[in-house]
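Two complexes come next, and they have one chain in common, subunit A, joined by subunit B in the first and subunit C in the second.
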Partner chain A sequence: MFKAIVSAETLTSALDSVSVLVDECKIHLEEDGLEIRAVDPANVGMVDLSLDAAAFESYEADGGLIGVDLSRLEDIAGMADSGQLIQLELDEETRKLHIQIDGLEYTLALIDPDSIRQEPDIPDLDLPAEVVLEGNDVNRSVTAADMVSDHIALGVDETEEYFYVDAEGDTDDVHLELTQDDLIDLQIGPAHSLFSLDYLKDMNKAIPKDTEVTLDLGEEFPVKIYFGFGEGQGQVTYMLAPRIQSD
Partner chain B sequence: MGNAALRDIAAIEEIPFEDVEGVVAVDAHNWLYRYLTTTVKWTDSSKYTTADGTEVANLVGIVQGLPKFFEHDITPVMVFDGGPSDLKDDEIESRREQRRSYEEQLETAREEGDAVAIAQLESRTQRLTPTIQETSRDLLRLLDVPIVEAPAEGEAQAAHMVKRGDADYVGSEDYDALLFGAPLTLRQLTSKGDPELMDLEATLAQHDLTLEQLIDAAILIGTDFNEGVSGIGPKTAISAITEHGDLWSALEARGDHVEHGDRVRQLFRDPDVTDDYEFESTIDPDLEGAKTYVTDEWGVDAGEVERGFERIEESVTQTGLDRWT
Partner chain C sequence: MEFATFADRAATIEAEPADLEVVAHVRDLFADAGSDLEIVARFAQGRVFPAWDSTTLDIGPSACYDAIARAAGTNVSGDDVEARLAEVGEIGDVAANYEFGGQQGLGAFTGGSGGNGGDLTVREVHEALADIAAAEGSGSQDRKVDLLFGLFNRCSSEEARYLARIVLSEMRIGVGEGTVRDAIAEAFDVPTDRVERALQVSNDYGQVARIARDEGIEGLDAMELDVGRPVQAMLAQTGTVTDALEEWDEAAVEWKYDGARIQLHHDPSGLAESDGSTVETRVFSRNMEEVTDALPEVVEFAAAHLEEPAILDGEVVAIDEDGSPLPFQEVLKRFRRKHDVAKAREDVSVRPVFFDCLHVGGEDLLAEPLTTRHDRLRSVLVDADADADSVADDEIEGLSLLWQTGDPDEIESIAAEALEAGHEGIMLKNPDSTYSPGRRGKNWRKRKPDVETLDCVVTGAEWGEGRRATFLGTFELAVRAGDDSEERRSAGSAVEPQTLETVGKVATGITDEKLEELTDLLEPHITVAEGQEVELEPAVVFEVGYEEIQSSPTYSSGYALRFPRFVGVRSDKDPEDADSLERLERLHDQ
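Showing the complex of A and B:
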């Protein structure tokens, strides 16, 4: 059983943060909220999302599992104007999701969850450095780096105590330093890892610009990027595997 | 190239590349041959022909074929048909000699009309030229791709390595891999899209046969090493073996005959394989060295291999999250 009413913004944010990595996903309809975990086919980027029942106008579920085609569902959610409510109801018999937006009714055929790639195990990471910054600063870093290179280095200078972003292109370079004062918080630790901008750009699209974002970093370790959405009732955690640094 | 009729018997299903993990013992001749054919078919020969007229389309094929393994975090181990066990430079001469000796044996076999020996030796001598043999190994070594030299059939050796647990799959287009007892074989590694998984145990269970009986059924249908009985297809072969128990009784009941049936059977049951091999499954390619080798030393058009090298570089520098789980 699953029946819920949610604002278009909250649903769209949730779907967007997953669809940057995968086309299809499993959604766990738990009693206390929705949960999604997915990894891209190359096993490089992972998303772990939870959306608390409190984020919904109303929410009833008893632990079911559905598989969805994300772009389909996003298209439907896109039919709602901002501020409109979307009603979702699962028909257990037909395995279809009934979606209502105002007078619009849409019946979405679900995908067999078993046909969707297995949900990933969450890496057990003990990352020494933590950087808390505004989504806008993540956006600036990624956008600037993308102008010169395909990859981006993220690290912490332990002696000078700042977080830095480096991108080296064939001709041009980008460097950005953010000190304790520029950041919301910084926990100093040994950190320097290189990441693919292809992935980071996609993840960046889903990060709200005015939200507090936390980056956990290590040396040649995956980065853990997490932030809240849906007025703090939703939580997205991304993990991105590093590239091996040649020099 | 194996008998395609075996496909009707084999338990085969397509599996997503993401579900394939570990080491694939690739029948190198079979793999290279596929890429050679495609390269030669679609690429202007001037792009892979040296000034003195030597064709090295194999180098283009290798650079185009390897990314598929790397991008899916699969370690290929290239298993070459019969040759010296270790390939140091000073052994190249001995390989040439071996080849000459194969050619002589082949001539003798032809004179004697020994069909089994002809088939065996032809596969080892004719499919790949000495230059292709040598340059393929050189390039694979630069790219840090493990090489295993089989004492005889590469496919048999690859099956042996999977049986021993040193590799997870045989990689071959050839259905004969089943007959060599390969527990799991990946097909279509040279094509677009997902591979096919051929499962020996499921095949045997499906027909309620032992491996020995499957071999006998295949001999009735025809293998790389024998012609098969005319008029016997997969269905008839299986019912004949099921009914009569083995090859000889089935032949006797039908009043048919298979030339050298015992030798062919022995070839599959107890092929010439070795435990004398070792390889590392972490791959650390020398990309610059490999590029220089292909484009400078062998004069291959850089444009033909650029994309392949980029894909190799990308796949070996990007780690996967599974490393941390």
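Showing the complex of A and C:
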């Protein structure tokens, strides 16, 4: 059993943050909210999303599992204006999702969850450094690095106490420093890792520019990126595995 | 089997010059393949799916270069990979020169084994490739690249060499169909001819290898044609009436239709589709691609005329309103059509003509003589309500006529009739021959009237691949256009490049030795080189044979040569002496 009403904005944010990594996903319809976990085909980037029942106008579920084609569902959600409400109801018999936006009704065929890639184990990491910054600064970092390279190094200078971004191109380099004053918060610790911009650019697309984003970093460790959405009732966590730095 | 082991064996096979030793290596590979035998047998030939399966990875070379680039390291782009390819000439060598695995997987941080999920296995590669093939819809190209990147990222350099080649269907380690057949026979101690037969009916080297190993001769012999699964078409070589009659005394003579080869599979009780539904009829091209949807006339024909399961071999010909045949290119317009089939059908309609029958009502007929198969074909096609014996052959719809004779004069008159009716010529077949799928043997011969040759200017070429990387090949041909007047010619003015119009590319009929010679001849004339392609200043004239001139938007002349073949260099001719567009037009209109 699943029946819910949610604002178009909240649903779209949730779907977008998953679809940057995968085309299809499983959605857990838990009693207290939605849960999505997915990993990209190369097992490099993953997303863990939860959307609390409180984020919905109304929400009823009893722990079912459905598989969806994300781009389809995004297209449908895109039909709604941002203030509009979207009504979702699962037909257990036909295994289809009925979606209603005012007078518009859409019946979405679901995907067999068993045919979707297995959900990832979430690495339990103890990352020494924590950087809290605005989504806008993440965007600036990624955009600057992308101008010169396809990889980006993220790290913390423990002595000078700042967070930095490095990107080395064939000819040009980018270096960006953000001090305690530029950041919302900084927990100093040994941190330096290299990441693929292919992934980080996609993740960046889903990060709201005006939101507080936390990056947990270590040395040659995955980065954990997390932020809230849907008026704080939703939470997205990305993890991205590093690239070994050869030189 | 680990993919590294497969790559290692493939390298050994590739380096082995002696055919018998190659078979021995492939035999050992199969013997050691365990539960991955089916995949290994296909990979060895550079196949991902069985030959009968028209599933493709549907991933272009540039997507593959992007995946390699992403896995190869920081700041390597797909363009870099392509540039190296132009230099090195072979994608396997390019891939093997990069170091992969820099990107770690999340698995390395969950306490699981290995950085990226452990050593890559043959099965994992196959599963990922199947996922790549299955990805469709919006964004699927990106997803294909992601999946492929994931594979390359787990590869060693040697593994990457063979993965790249499998993905781009350029395996080329010297393992042909005959090698696989012999290796299966040796590995599992079964007779070669039984393996051969099983391969012909199943068209699946993986399945045959597995059955040979697990069920032996009995299993192989029990394999039969499967209605709905295409087999390779039997092919013809060119031949003459004299030779045919000398060898067989009598020949079966048929018209050679100017159409496209089809294989019709029909079962009134339904053929299973991959999505679980059923259809009654499936139609395949001679390359075993499914063309059912493009040819509704054939499906309708089957529904109207076939009452039992059958596999028929024939051609579709395009016809005008009077039912007269139209040129081959009109058929092609229909054949590759994926959209708006109904509209295309209004413009050009096609009809099937069948000349052979591989299976009827649960019985395989491959081992029956041609005359028996043709009789069975006749009885399948004849109207069930009619008195079968009193109906003349030419009144049976869809039946290709067959004459059996030892009289050369009669054959000539059949040939004359065929040409008059607008067909290509005649087929001569051994009346006692069995049907050998995929064989271009002496039992089927085609005889066509000779065609003229054209003298064309060479205006471009491409550097070859692999063994031929240092040779120019695939030569672009052009004819002269514009003012062709005597005055102008006698004035001795040179031909400007822009007065040349392209008509096609020739790549066949040239030996390696000849390629080397042609490369030496043409290389000084290169004006522009981009990647593997070069442009040439007009200097050299080739004499080329062809089967037909068809109008085509592909080349600037508006015409294309069908089956162009290199005959020789006309060193006695300059570009201004090459054939003109005018002559091409005249030949086309004839």
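Please note the rule applied: the second predicted complex is superposed on the first by the 247 of 247 C-alpha atoms of A that agree within 3 Å, B and C clash if a C-alpha of one lies under 4 Å from a C-alpha of the other, contacts with A are read in each partner's own complex, and residues count from 1 in each chain.
Keep this in mind: contacts are C-beta pairs under 8 Å (C-beta built on N, C-alpha and C of every residue); 3 or more make two chains touch, one makes a residue touch a chain.
All figures in this text were calculated on a predicted structure; none of them were measured in a lab.
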Combined model on subunit A where subunit B meets subunit C, clash or fit
clash
Quick check for you: in the superposed arrangement, does A:V44 touch first (subunit B), second (subunit C), both or neither?
both
Touching A:F221 in the superposition: subunit B (first), subunit C (second), both, neither?
both
If you stack the two complexes on chain A, which partner ends up touching A:G63: first (subunit B), second (subunit C), both, or neither?
neither
In the superposed arrangement, does A:D23 touch subunit B (first), subunit C (second), both or neither?
second
One more residue to check, A:G232. First (subunit B), second (subunit C), both or neither?
neither
State whether A:P123 touches subunit B only (first), subunit C only (second), both chains, or neither.
both
Would you check which partner chain A:P242 touches, where first means subunit B only, second means subunit C only, and both and neither mean what they say?
both
Comparing subunit B and subunit C in the superposed model, the one touching more of subunit A is C
Superposition clash, subunit B versus subunit C, among 62-70, 98-106 or 242-250
62-70
Show which residues of subunit A both subunit B and subunit C reach, each in its own complex.
39, 41-46, 120-125, 196, 221-222, 239, 241-244, 246
Give the list of subunit B residues in touch with subunit A in this complex.
16-18, 71, 73, 316-325
Tell me, which parts of subunit C touch subunit A in their complex?
70, 73-77, 99, 101-110, 112, 116-117, 128, 131, 135, 137-140, 143, 146-147, 149-150, 153
Where on subunit A does subunit C make contact in their complex?
23, 39-46, 69, 71, 120-125, 149-151, 168-170, 194, 196, 198, 221-222, 239, 241-244, 246
Looking at the complex, which residues from subunit A come into contact with subunit B?
39, 41-46, 117, 120-125, 196, 221-222, 239, 241-244, 246
